[in-house]
Structure formats: structure tokens, C-alpha cells
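A short write-up of the structure that comes next.
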Amino acid sequence: MPHPGLSALLLIVWLLLANGITAGSVGLGAVFALVLPKVTQPFWPDRPRLRIGRAWLGYIAIVLFDILVANIQVARLVLFRRNRDLRTRWLVVPVDLDTPEAITVLAGTISLTPGTVSSDLSADSRSLLVHALDVTDEAAEVARIKSRYEARLKRMFA
Amino acid sequence: MTAADQLMIAPIVLPAITASATLLMRRRLRTARAVSLGGCVAMLAAAIGLFAMAQDGSIRGYALGAWPAPFGIVLMLDRLATTMLLLTEVLASVVLAHAAVTGADRRGWHFHALFHFQLMGLNGAFLTGDLFNLFVFFEVMLIASYGLMLHGQGASRLRAGLAYVVVNIVGSALFLIALGLLYGLTGTLNMADLAVRVAALGPAEQGLLRVAGLLLMTVFALKAAVAPLHLWLPRTYAATMPVIAALFAIMTKVGVYAMIRTVPLIFGAGAGAAAWVPGPYLLPAAILGAVLGFVGVLAARGLREQAAFAVLASTGTLLMPVSLWREATLAAALYYLVQAVLAGAALFLIVDATMRRRGSYADAIVPSPRFVGQDAAGLLYLAGGLAAVGLPPLAGFVGKVLILDVSYAVAGWPSIWTTILGTTLLGVIGFARSGSTLFWKAAPSGTAAVEGPRRSLADFVAPIVLLALLAWLTLAAGWVTAQTRAAAAQIMAPDRYVAAILGAGR
Amino acid sequence: MSLELLVASAIAVLVAAGLYLALRGRTFQLVLGLTLVSYAVNLFLFATGRLVVERPPLWAKGVTDHADPLPQALVLTAIVISFAMTALTVILSLRGFLEIGSDQVDGLAEPGEGA
Amino acid sequence: MSPAADTVVGLLVLIGAGFVLVGSWGLVRLPSVMERLHAPTKATTLGVGALLLASMIDGRTRYGNWTAHELLVTLFLFVTAPVAANMIAKVHLHRTRTVAGGEADGIAGPPPRPDDEGDWATFAEPRRNCPGTPPDP
Amino acid sequence: MALLILIGLPFAAVLLLMIARRAGRRVHMLIAGACSAAGLAVLLSQAEPSLSGRTPMIRIPWMPTAGVDISLWLDPLALLFAGLILGIGLLVIVYADGYLGKDEPTARFLSYLMLFQGAMLGIALSGNVVLMLIFWEMTSLASFLLIGFWRTRVEARRGARMALTITGGGGLALVGGLVLLAKVAGSYDLATILSRGGLVQASPLYPVILILILLGAFTKSAQIPFHAWLPRAMAAPTPVSAYLHSATMVKAGVFLLARLWPVLAGTDWWFLTVAPVGLATMIFGAGVALFRHDLKAILAYSTVSQLGLMVMLLGFGTGAAVAAALFHLLNHAAFKAALFMHAGIIEHETGTRDIRRLGRLATIMPLTATLGVLAAAAMAGVPPLGGFISKEMMLEASVRTGSLLVPALATIAATLSAAYALRYAVVLHIGRAPIGRVMGTAPHDPPARLLAPPAILATIALALGLAPMTLAGPLVEAATATATGGARLGLHLALWHGIGPALILSLSAVAAAILLLWRQEALAPLAARLPSFDARRLFDGAMTATVQGARRLSHLIHVASLQRSLAVLFLVALVLGGEAAGRFGFAAGPRATTPASPVAIMVWMLLVVATLAVVAVERHRYLALVFMGVIGLVMALAFLHLSAPDLALTQIAVEVVTILLMLLALHLLPGRPPRLSSLPRRVRDGAIAAAGGIGAGWLAWAVMTRPAREGIARFHWANSHALGGGANVVNVTLVDFRGFDTLGEISVLAIAGLTIFALLEPAAGGIAGRRLREWRSADRFSPDRHPMMFAVATRLLLPLALLVALHLFLRGHDQPGGGFVAALVVSIAILLQYLASGFDWTDARRRIGEHGLIGLGLAIALATGLGALAFGAPFLTSSVGHVHLPLIGAVELTSAMLFDLGVACVVLGSVTMALAQLAHVAQRAARPDGEDPR
Amino acid sequence: MIALALPLALGCVGVAMLLTLWRLVRGPSLADRIVALDTMVVDAIALIVLIGMTSGTDSGFEAALLLAMVGFVGTVAYCKFILRGDIVE
């Protein structure tokens, strides 16, 4: 099993695709979950090691919650804030993550939560350029990102 | 389902297999060549077998996937289809041998695969009894022809190729619209079923039916290069490698075939507003095509262009009797069709053999220094010209006399006669001028002799074979006309066709 | 406003735009035009099965109200074929441009250019 | 279908559609590219998410079969949407900095540099092979 | 059988000559000579039965449906003509042996000659008009080859072309005339036709038939105004002139008139068309001949004149005139062939044919001179030669017409004829002119093989005068009888007929001729001032105009313009569609329409706006592509809304691939090019486009508003699950009911892939490669080749996409999906890797080559289809089976799924082949060798 | 509630698409147009889900899934074209 995490993901996805848990779907899904990582291994030779567990579930829950909250905030901004009152800012988030996968998840998380968009990565992959729609305290926002997301990601990607 | 019945699928499956096989051995040309030739011979054998099967006058259906007509796709075998198949396979064998002998297959990628796909498309178009399936095989045929047409490439070929491709794409779009209309009106795609259902359409549907018929005919006319929809042809054929253009000699005839196949069957006397739908348009168009074709023969500045116009002219001539929609005229047309295909191909192969020897002079109709095999090439060119123009002793003359003979029965005969005789004279003048310039006239002094290695005369064999076939067509005209007459009789009796196809169960 | 009218007028607009672009004389416009025409033709072929809203031809016992599956199958074939043709046309245009140096459909030199 | 389920599904549908609409409205009214880039996020996340949730519940309550495959749509959107946003932002940065007569900076102005010597990937050759990206020949 | 041998011999000789073309000249001569001699022998063996009324004939069925047989007969007319052809042919071959230079290709020459001989014999012997036409056209062809024998000479080529054009054109008129004649007479059989004169002459088409046939005869026999080719044909070697242009080919027209005399002659139409033309030609030819200086030109115009004489006689419509014509045919053949050979000897010996530079030949080459004088005397109509008799017969016949004008003009013609003939005899042999350029040695009588043939002919010319009844009487009498279709006339041929008007006219003609010759030099300037009718220049002018006109027309129409082709196609479709609409109308039908929801209208607006936007920004191609993306999206939504989820899936996937393809190509195309067409042109195109759009939309509307008929699809719906093993009827249709279409469809895709490969493979070299290497975009680009987020996300997507593809593939038979879409998903996932991580990186990780995939896919599809054959079922018959797998349980498997797998392989192979090849071409060009590393 | 909410929601999504189209047509920058196109895909997914709920069929699921999975390919390809010219290097 070249990558158990991927295999698990594939099995779940297959069961979702099959839209039901039967012996057949689990069996076939298991086969695919084993075979596909093998087949696609050349395209992803050195996958990061993941710690699958509660940390991931927690992270997903936090992100989903943040998405919900941020959506409402941004909807207010869009609907009611005058353009000239928007406090849009560029944020430079220093990145301490090592693997591209972890950095990508961080950047993706930032983008998924409304109000911030990961716009670019520095050439040395040590900083993330984030565009924020409405920020008063830039440093606080950077700190929030680092503590709320990056710290957790560090633990999830061993 | 007997083994003999299963033979019906061979003309489509065999080339597909051969094409796939040559694809897998694409880097071993010798093997690919052998496989390709073998495939061609096998197909010829199958065509002969099918031809023999159709001799009893029966019409056979082949329900693909065992789905009964009209629900699935049927192939159907009658005299017309087998004649076209045999003609195609004979032509293909000769052309392929010529390509192998001259090494034309080495001038680009995938020659053999494309060649066999082309045959698959042609054979499918001849065999299918389903209108949408006809569209599909038209597309197979066309896209393979694009590939072959572009074989060897070069600037002019690429541009002419674009024009050819685009015009045909638009033609295919029209085909789909016509097809859609017919389906929308009748709910079926099977040609025999269409015949039945078209005849049953009510008065409110007549206008749409006529549009569908006319658009369908427009598409076929485009493929057949019927004037004024012929503009794509001269440029395309003149830009194509002659050996491939020789194979294309049958391509325009597929358009004619499709008309002959569909009009008496679907748009026959019972088709209401769409009865004999090409109606008054086809004859003038055919006349225009013949005139423009032979004018082009006279005006051409290159041999390939000239041969292309000769093909155009032959289609025009062929369509004159077709446009009359009678048994006798169709019979004459079929005889003319067979010889026109062989003659057009022979002409292109002769042009090929000539071009290959003339070095940088290629196919330009200008005097060149003497070249190896000039006399023989000149003689062949003369014969090719005779064949293309329709002078004795080759079969074109017999064909034209037959057309004159049968068309006398209709009111418009003077225009047909005048066109055929007048255009023949134009053709005679054209070929005499170009031939004497090319093979008799010496290049102005000081012109360098044509360089190049002494070539073998092997590339004369294929054209000679075709010319011999044309001579044979003259000698065996009795047998051949009996065949075409029988084929025409089958076509003009669509009821038997309907019964044979729709009666054939699972 | 009926769906039929919407589809018919969409076909009209697509065909008109496609024909106009196809006549513009440059390869890329030509490709765009042909693509639009092929959309229209696919829609046309599809429409000949008549319009049925949200009754896909997925068989289930007892269901009789469904869209005509046959035109859909035909359109699928037509889409694939027109994709193949589009791809070929694109490559052919490009190849012609690389060989000739002009992207005009007839391979002519640009107006105002020497060659 | 129970009234409660009906209400929940109805509300979810309205919420989802509402966020989709707000997203597009933002796209129209926000002042420059980078601000507008925020808008689709709402449609992607809460908009489509709520609709999918509604669809799941709807399927269960109305037809009695659990369908969870709607989650997959969200999954794929979550994977792809940030990439799309990232690429669009890069286009914007690229066009503002390097293309003469290109786009104007948004209201946030030009982006700051990441540090003293480096620059963003859009503008600078990668200083080292980024982790995981293929080495350039 | 004898007739078959007779006609077969010359063609056998042609074959033998071609086979033995490398053998020596003797062999060639032997072949030709032996075949001619053998032919003559066979002919003589058949003479007796022919003359005695037991006409030898043979009939071989050929095209029974059209009533055309290969039938040959040898009636006396044919016998007369065939004898001429073979007899003179033999002499010409002997003569040619002496005449042709050492280096001349005798095999070629003789094979043409024998081809001609065979064709002529065919005309004479044909008992069926189609056969006759075939041989008729063959004579034109053979003469083309013979006249052009010295092909590097411009005169030879022009002469050959002119002869072919005129006689070939006449021949085509003859084709029309004879086939029409056959249609009117109701048979192609000559004998039958000849017996139906009354029927034919009563037909309203009779004048048409007559004129067409006369066109054939007159062109061949060089009658005014078609005479010009004959003098020009003198560019041929002299033996050819002797044979074709005196004895045989030109006589074909006369023969034809004689042959068809029973069915065509005897009417006013006949008399008023044939006789005047003959008379005019006779006078004109003689007049011109008198003032020519080239020996061969004199003889050529004399031939024109003499042919006019024969034509005129045939035109008179009386049996006696026909007899005169046929007797003169013999006479003329003898003396004219002799004279041509004589002229050839003189040119051969002295190096010139200019009569002004020749003289005193009687002393230098006495034998030659003797036969020359003899033959010329025959031509002049001097007793006791045969020419005298036939000329008297001619004058007699002209007197018998009852008109005064005819004998008067005939006498003038006879005078002129006698004058040029005497000029030839006197000036050449007795005249004082010095001999011009002399070849190495002094001119002298040539060796026997040159001298003998003309000597024999001159002797015959003399003998025909001395013993006409013995030599020619029965033959001419019998031939006349067959020609006129009546009883024998009791012909009396003799030198002395007693004193009558004919004798007086004849003698006064000779006397006047001597007078004329006396004053010839004085008359020459006068003659030159006569309005000249230069048919040659006329012909050349006409030809040039024809060719120029053809060029102009052809180039005007056949401009290499795709736009024109398209516009014509659109217009044709519009006109035809409009025609149908105009005649039958297609108003909307009564079917209830489906109300459109607001959202449908909004989506429709999306489509319309995006489409218009594409047109508006057409030259900003990138933007146009962006709008195309919207259109594709709307199409997918529309399909989904309209109950076609499979179509929506396919549309979405194809759209993505298309966009990638276009972006790849767009990168290499030039930036924003200037507009090509002017405003009027755009308006015109806009009008065409609008009409097309309205037409298509209206058609769609008309169809959709008509009630649907119960179609074949009900079968598909009913049997999809039970027999096809799948609930997705569309998919089952694609892979099963209409799997054959799908086989064609994947073939199309495979071919497209192969063609694209073939197109792009050489693009890295040559001009294209140079352009690619020099290609620099004007834009500045970001250095970030492979953005990290993108690369990482695509890597995660790959296995997920494969899984989705598997799902679509496996469930496709029951749910939206199928092999095609599955393969496209895989293709897109792979292409994404190319996009995100670059070509080389991705390509190094691919496992199967595209060629292999395409071949494999086709093989799978074909093998699935062929599998059914083993069970005696038709191709592509599917089978449904249940397989029990451990863990998974019963799985329904259909062979159609295997077929679908083949489809998927081909799609994957073709799509990735096309896009990868395109993506790669620029890089390959940049490599030094342009080679594909793969 | 659903019966009321669905048409309303469909209308909302339709209007959203038109608004997006406005941005697409209006621009002004290339990035604007790409954003709009990307949004349009998301709107389309929303529309498909709503259509599925209205009709009570599940047949639109694959289309929505496919759009979610490959819809962004067009977006990134357009972007890559602007950034690099050559979308496959």
C-alpha cells in the first residue's frame, strides 16, 4: 500500500459514488483503493506522510465553521458596505510548513474561507500572499491564520 | 446466419482490422506493407464473393447486433452495392500496389492505416441501409481522406486541405440537419422504413419533407462535386499526391451512389412533395459540371489539375443520365460510373509516373528535357486521355454512346447530347494540347536535362492494369451492361427492397 | 415564451453567428464559426426528438413518459465526430500557418505585406 | 414529507441560492479584480454547499433513499476552487506588474514584497526547486 | 471468320511491333508487310462471294440490351474500300522502307500505320454503327499520331492537333448523327438502318441527322470549310501523306456518304447540302493548288479538290453519279498515292519540295519522271488514263443535273485541276529551273523499293484507263449497286463514249488548262489579290480564343477561395430550402409547446449574449474563446434540462478538451490580425448568415411544433433493459442497438488522432520548424512555469478522476456515463498533469503509447463484435451474463461493456495523442535534431 | 416551503448567472472575465442541483460532479495562457 491515506480517501469517494454501502461496492472500492494509488504513483512519487486521526476531523470542522461565519460576514460586506469603505489589504503570511502539500492545504483553506484569497507564493515558498477583503489589523489577521490553520497543519503533516 | 451471410460484414471489418494491425506495426514499414496488401487482397476476395452472392438477384439484409430492422442498423446487399464494392476493391488493390511500388507510402505517417480506414468508410457507405449510419461512414471516409489528402504535406496541400476539410464539415452539418428533419418527421432512420413512412406523411409535413430531401441531395451533391458545389474539388485533387487522388476517383462517385441509393427508394414516386427530389436541378447542374470540367481540362496548367477536372467532368457526365431516374438511364449511368472511376484513377497514376520522372518540372504542362520512359509515359498518357475523354477503344466511349442511347427517350435529350458531344471535343483538344506539349515538344535549348536516377518501369504497371480493365470493359460491355441493367432494375423496384429488409427478422 | 421557441431561436443565433464567422477568412474565426454551427446542428438534431423536460431516458419499470433516446444517441455520435473534425481543423490551420506564415484560410499574404 | 423537513430543505435552498446570488452581485459591484475574486467563494462554499445539503435531505425525506454523493461535488469544488482563485490572482498580479497598459492595481494597491530580497513566484524565477514541483530542465 | 482475321491482322501487327520494338528494321517491315499482304490475300479470297451477292458477314453478340453487336460484313462497297486500304497500304509499307532514314523508329511508325490500317478496315467492314464509330474515331487518333510523328517539329504538332481537333470534332458530330439515325431507324444494325430510308427521311429529325453525319464526312474528307487540316497534315512523313491524305483516310468521308446513301440521299436536303459543298471544295482546292509551290501542298490541295469532286457526285443523288464517284475514288487513290510517293522521291533526292527550284528532272531521273508524268496526266484527266474516264463521267453527271450552273462550275474546276496537274508534270520535269540544293551526291533515280510502289500505282492509273471494265467494272458496278441500294446499273466504263457534251467539256477543260498554264506566272499576282480564305489562321485564332476563353472562365470560377466555396454552399442550401418553403410552406404545427421557466429564459439570454459577444470580439481571439466557454456551459445545461444527462456530460468534457486544444493552438498563431473583409463584404456575409440562421431556426421550430410520430425508439426503450442489459437507453443504444455507429465514430476519432500526429510529426523540421524556433511572443510572461498549488491539486485529482472515470464507465450502462465520457475524464486528468507539471515530466511517467492504445481499443471493439460470429450471430451481437465474484457478489456483465472499453481506449489514445503532440511540437522544434525523444 | 423555495431559488441562480455574464462581457480586465467564467461554472453547478431537486431525479449528479472536477480546468488553462503563453511546457 503505497499510501494508506489516499487509499482511504479513494474508498470513501467510491462509496459516495456508488451511493450506498454494499458488499459489492465495498469490495470493488477496496480493489480500486489499492490499485489506483499504485497506478498513479509515478505522478506523485514522494507523497507526504499524514497523521490520519482526530486532528484532521477537527481541522475540517473548524474550517467548515469558519466558512459559515465568514460567508455571512462577507455577504454583509458585499450587500451593505460601500466600496470606498472597504478595507482591503494585502497580507504577507510567513509559512513554516515544509511540504508542498501542506502549503497547498493552507493556501486552499485561506481561499475557501470567504474574505481572504491566497494569491501567490513567494519564489522560495516561505511566504504566502493573501488578499483580504476587509481587515483592520493586518498583523492580527496573519497571526490568526498561523495559529488557527498552520499550527494544526504542522501536526497533521508529519 | 450462414457463413456466406457473415461475409457481408467483411468489407467493413477487414479494413478496420488491417488498419489497427498496421497501426501497431507503424515503425516496421515492410511488415505493414505486406499486411496492408494482404488485407486488400482479402477484401477483394470478399468483394468477389459478395458479388457472386448478389447474382441471384436477391436482396440480403444483415442485422447488426441481431437487432431486427428497422430498430437496429442493417447492412444490405444488392447488385448495386456489390458492384460498388468490387469496383472499390479492385481500384484499391491497384492503387495500393502502386503506392508500395513507388514508395509513396513512405512519404508520411500512417499511410496504410489511413488507406484502410478510407476503404472501411467507402465500403460502409456502400453497404449500409441506415441513413445515420451512412452519415457515420461518410465521416469515416472523409476524415480518412483528409489524412490521405494531407499525406506528404507541403504548403499548397495544407491550404487546399483546409478548404477541403472545412467544406466537408459544413456538408456534414447539412447532412445532420436533413437527417434530423427526416427523423423528426418519421421517427426512423432505416432507409427501407423511411421509404414506407415518408410515403405516409400527411399534407402538413410536405414542406419539411421537401426541405429534408433537398438538403440531403445538396449534401450528396457536395460530395459528388456537382456544379456549382464543385469548387472544392479541383484544388483538392490537384494538391493531393496523385496516387491518393487515384483512390479519390471513387470518392465523388460515393455522392452519386448515395443519390442513386436514396432517391428511388425514399424519394420515389410515393414521396409526395419530395418525389424525385433532385428534380429539375440535377440535369442543369450535371451539364454545368461536365462543361466546367472539360473547360478546366482545356484550361489546366498542370497535369494533376487537369486530371482533377477530368474527374469533375466525368461526374457531370455521369449525373446526366442519373438525373432522368429511369431504369435504362441508371443502367447506362452505372456502366459509365464504373469506367469513369477506373479512368480517373488511371489518369492520376499516369500523371504520377510522369511526374516522378520529370524532376523539378513535376506536372507542369511545359516542355521538359527528355526523361527516362518518355515514350511509354506519352503512350500511357494518350490512353489515359482517351479514357478520360471517352474516345474509343476504351470504355468511356461505350459509356457515352450508352448514355446517348438511353437518354433519347426523354424530352431533354438534345441538351444531354449536345453537352456530351461538345464537351468531349473540348476534352480532346485539351488532352491533345497538353500531351503534345508534354511528350512531344522538346524543352528550349539550354535547359538542363532532368536529373535523377534511372527509374524502373514498375510504376507503369498499375496504370496499365487499369487501362487493360478499361479495354476489358469495352470488350465485355455486353456482360457489364447486363449487370448494370439488372442492378438498375433492382434499384427502381424499391418495394422488393423494402420487403427484403423489413421482412428480415431477428 | 415556450422552450421550443427558445431552442429554435438559439439555433438561429448560433447558426447565424457561426456562418458569419466562418466567412471571415481567417482560420481561427473559421474554427470558432464551425464550432458554433456544430453546436447548433447538435441542438437541432436533438430537438427533432421533441423537447421533454427532465424525463431522461433512463429505463425504469412502468415509466412511459420519457425523452426520445435515439436523437440523444445520435447527437452523442455527432458531438464526438464534430470534436474530431474541430481538432483536425485546428491542427490543420496551425500547420498551415507554420508552413505558409499566414493564418488566412486561403493562404494569402497579409494586406500590406510584401511576401 | 414532514413539515419540518420541508421547512429545513426550503430554507437551505433559499440560503444556498441567496449566497450564489450574493456572490454574483459582489462580482458586479465590487470595485476591482481582487475584491471581485472573493465573490465566487461564497457561491462555491456556502451557496453550493447549502444546496447540496438540501438535496441530500430532500432525497432522503421525499424518496426515502440516502444520497450522500452530493458531498463529492463539494469535495471536488474544495480541491479545485482555491487553485482557480490562485491562478486568477496570479494573472492579475502578472498583468499589473509586467504588461504595459495592463490592469490597474486594485484598491489595496500593489502587493508588498515577501521579504527583503525575494519576490513572489509570479515575478521571480523560483529561487530553488520548490518542494514537489518538477525540476526545470 | 475470315472477316475477323482480316480485321484482326493489322492490330496483331501493332501488338507484334510493340513487342518486337527493339528488333531490327527488317523485322518491323516484315511484320507490317506480311500482315498487310496476308490481309490482302484474305480479302481477295472473299471477293468472289462478295461480288456475287453472297455477302460474307459475321455477327458476335456484344451489348444485347442496347442492340449493339460486333458485326462485320463485306459487301462490294466494303470490298472496294478494303482493297484500296490494303493494296495501297502494302505499297506504302514497301515505299516507307526505302523512305525512312536509318535512325527513324520504324516500329513506332509502322505500329501507328497498322493501327490506322486496322481502323480504316474497321470502318469499311462495320455492320453496326457503334462499331463504325469506334473505328472512325480510331482513324482520327491514328492520324494524330502519324502526323505528329516527327514530334519535335512545331508544324508536326500543330498539324496533328489540328487534324485531331477537326476530324475528331466531326467524328463527334457523326457520333451524334449516327446514334440519332439508329434511334430513329430503330436499330444499330447497319443493314437494317439502310433498309429504313423512308422511315428516316420522314422523321422530323432527318435534317439534324443529315447535318451531323455530313459534319463527320466533310471534316474527314476535308470539305470547305473544314479543309484546312489536310494541307497542314503534310508535316507528316511522305508515306503517311500518300496513305492517309490521298488514298484512305480522307476517303472515309466519301465512303460514309456512299455507305449511307440509301438512307440519306435522294432528298432536296441532301442535294442542297452535299453537292454545293463538294462543288465549292472542288473549285477552291484546285484554284489554290495551282498557285502553290510546295509539291506536297499542291498535291494536298489537289486532294481537297478531288474529294470535293467525289462529294459533289454523291450529292447529285443519281446512280450514275455514284458510279462516277466510286470509279474516281479508285483512280484518285492510284494516281494521288503515286504522286505523293513521287514527290517524296524528289524531296529525298534533291532535298527540296519547292517547285520553283526544281526542273529538268526528266533528264536527271528519267524513271521517276516517267511515272510522275503518267500519274499527273491521270490527275489532269488526259486520255488514255483512268482519270480521263472518271472526269468525263463527272461532267456527264453534272450535265444531267439539268442545271447550267453545275456543269459550268464543274468545267471550271476541271480546268483548274488539269492546269495544276499539267504544271506539276511540265514544270517539274521539263521546266528550266535549276536544281536547288543538292545532297552530297547528284540526284538520280532511287533504288527499286522506293520506285516500285509508285510505278505500280502509275501503271494501275494507266490500266484503269485502258481496260476499265476488266479491272474495275464489276467491282464499281457492284459497289454502286450496294451504295444506292438498287439494282445493278449496267455500267459501261470506256475511254470512248462518243461525242457528247461531256467530251466537249472535258477536252475544252484540258485546252483551257494549257492556256492557263501558259499565263500562270502572270496570273499569280492576280490570284494573290483574291480575297483569301485562310482557314488555317481562322482555325488557329479560334483555338487560341477557345483556350484563352477556357482559361479565363476556369480561373474566374475556380479561384482558390474557401470563402467562395462556403458562400456558394450556404446559398445553394438557402435557395433550395427557400424553394421548398415557397412551394409548400412549413408553418408551425399544432403540437402543444412546453412553457419555459424564467430560469430557462435567463440561460437562453446567456447563450445569445455570449454568442453575439463571440462575433463582436472575433478578432480578439482569446476573449472569443472565453465566451465560447460560456456557450459550451449553456449547451450542457440545456441538455440536462431537456432530459439528456449523457449529452450534458459529454458536452462538459468535450468542451474542456476543446478549450485546451484551442489554447494550445492559439499560442502559436499570430496575435491580433487585421480585419480582412470590407464593410460591404461583411454586410453580404451578415445577410447570408442571418438568412441561414433564420432558416435553421425556423426548421427547428417547425419540427418541434409537429406531433412526434411513434418511431423506432419505442423498441429501444422497451428492450433496453430486458435485452440490452442496461437501463440507460442512450448508452445501450450507443454500445448495442447502434454499436455499429459507435464503431464508426471511434474510427473517426482514431483517424483524427493519426492524422493530427502525421501532421505535427514533421512540423518540427523544415520551414515550420524554423518558424517555431523563431517564434517569440510579443507578450512578457511570468517565470512561474509550474505554480505549486496547481501542481499539487492536480496530483491529488489524478487518482480521484480515475476513480470517477471508473464509476462513469461501470455505471454507464444504467446511469449517465459510459466509456466515452470516462475516457475523456481520464484524458483531462492526464492533460492536467501536462499543464501543471510540464510535458517532459508527465510524458516520462506515461506507460502506454497512444498508438498502442488506439490500436488496442479498436482491436477490443472489433474482437467483441466478431465474438458473436463464433455463435452464428451477426457482428456486434451482445450477450448478457452474470458473473459471481467473491466479496462483490453477482455482477451483471455485458459484452457491450467490453465494446465500451474499446471505445474508451480509442478515445483516450486519440485525445491524448492529439493534444500531447500539439503541446510538444514547439519544444521538439527547439531541439537540435527536431526528433521526438519518445 | 420547498415548492415555494425552489422556483425562487432558481430565479436567484438565474439572476446570478446574468450578473456574472454582465461582468464577463464588461470586463474590463482579462482577470475579471476569467473570474466571471469561473463563477459561472459554480452557478451552473448550483443550477444543476436545483434542477435535480425540482424534477426529483438524480440524473444531473454526474454532470455536477464533472463540472466540479473539470470545470476549473478551463479557468486554469486560460490563466496559464496569460501567464505563460504556452499552457503545456
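As written, the chains take the letters A, B, C, D, E and F, and residue 1 is the first residue of each chain.
We take it that a residue touches a chain if its C-beta (ideal position, glycine included) is under 8 Å from a C-beta of that chain, and two chains touch if they have at least 3 such contacts.
Protein identities per chain, from UniProt: B = Multicomponent K+:H+ antiporter subunit D; C = Multicomponent K+:H+ antiporter subunit C; D = Multicomponent K+:H+ antiporter subunit G; E = Multicomponent K+:H+ antiporter subunit A; F = Multicomponent K+:H+ antiporter subunit F.
Quick caveat: nothing in here was measured; it's all calculated off a predicted structure.
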**Prompt:** Could you give the fewest steps needed to travel from subunit A to subunit D through chains in contact?
**Reply:** 1
**Fill in**
Comparing B-C with C-F, the one with more C-beta contacts is B-C
**Prompt:** Relative to subunit D, which chain has the most distant C-alpha mean position?
**Reply:** E
**Item:** Distance-maximising chain from subunit B - centres being C-alpha averages
**Value:** A
**Asked** Distance from the CA centroid of subunit D to that of subunit F, rounded to the nearest Å?
**Response** 11
**Message:** Rounded to a whole Å, what is the gap between the Cα centroids of subunit A and subunit F?
**Reply:** 22
**Request:** Could you grab the centroid distance between subunit B and subunit F? Build each centroid from C-alpha atoms only and quote it in angstrom.
**Result:** 48
**Cα-centroid distance, subunit A relative to subunit C, in whole angstrom** = 39
**Asked** Counting only residues that touch at least 2 other chains, which ones in subunit F make the list?
**Response** 10, 13, 15, 17, 30, 34, 51, 59, 65, 69, 71, 76, 80, 82-83
**Asked** By residue number and range, which residues of subunit B touch two or more other chains?
**Response** 132, 136, 139, 143, 146, 150, 153, 155, 159, 162-163, 166, 170, 177, 180-181, 183-184, 189
**Request:** Please set out, as single numbers or ranges, the residues of subunit E touching at least two other chains.
**Result:** 560-562, 566, 570, 601, 641, 645, 666, 696, 699, 703-704, 708, 711-713, 716, 737-738, 741, 745, 748, 751-752, 755, 759, 767, 779, 782, 784-785, 787-793, 796-797, 800, 804, 815-816, 838
**Asked** If you look only at subunit E, which of its residues touch subunit D in the complex?
**Response** 779-780, 782-793, 796-797, 800, 837-838, 840-841
**Message:** If we count contacts the way the header does, which residues on subunit C are in touch with subunit B in the complex?
**Reply:** 22, 27, 30, 34, 37-38, 41-42, 44-45, 47-50, 70-71, 74, 77-78, 81-82, 84-85, 88-89, 92-93, 95-96, 99-100, 105-107
**Message:** With touch defined as at the start, can you tell me which subunit A residues reach subunit E in the complex?
**Reply:** 6, 9-10, 13-14, 17-18, 23-24, 26-28, 32, 36-37, 39-40, 42-44, 100-101, 103-104, 107-108, 118, 121, 125
**Asked** How about subunit C: which of its residues touch subunit F in the complex?
**Response** 53-56, 58
**List of subunit E residues in touch with subunit B within their complex** = 61-66, 68, 108, 130, 133-135, 137-138, 141, 144-145, 148, 151-152, 154, 156-157, 160-161, 164-165, 168-169, 172-173, 175-176, 179-180, 183, 543, 546-547, 550-551, 553-555, 557-558, 560-562, 564-566, 568-570, 572-573, 576-577, 579-581, 583-586, 589, 696, 699, 702-704, 706, 708-713, 715-716, 736-741, 743-745, 747-748, 750-752, 754-755, 757-759, 761-762, 767, 851-852, 854-855, 858-859, 862, 865-866, 868-869, 872-878
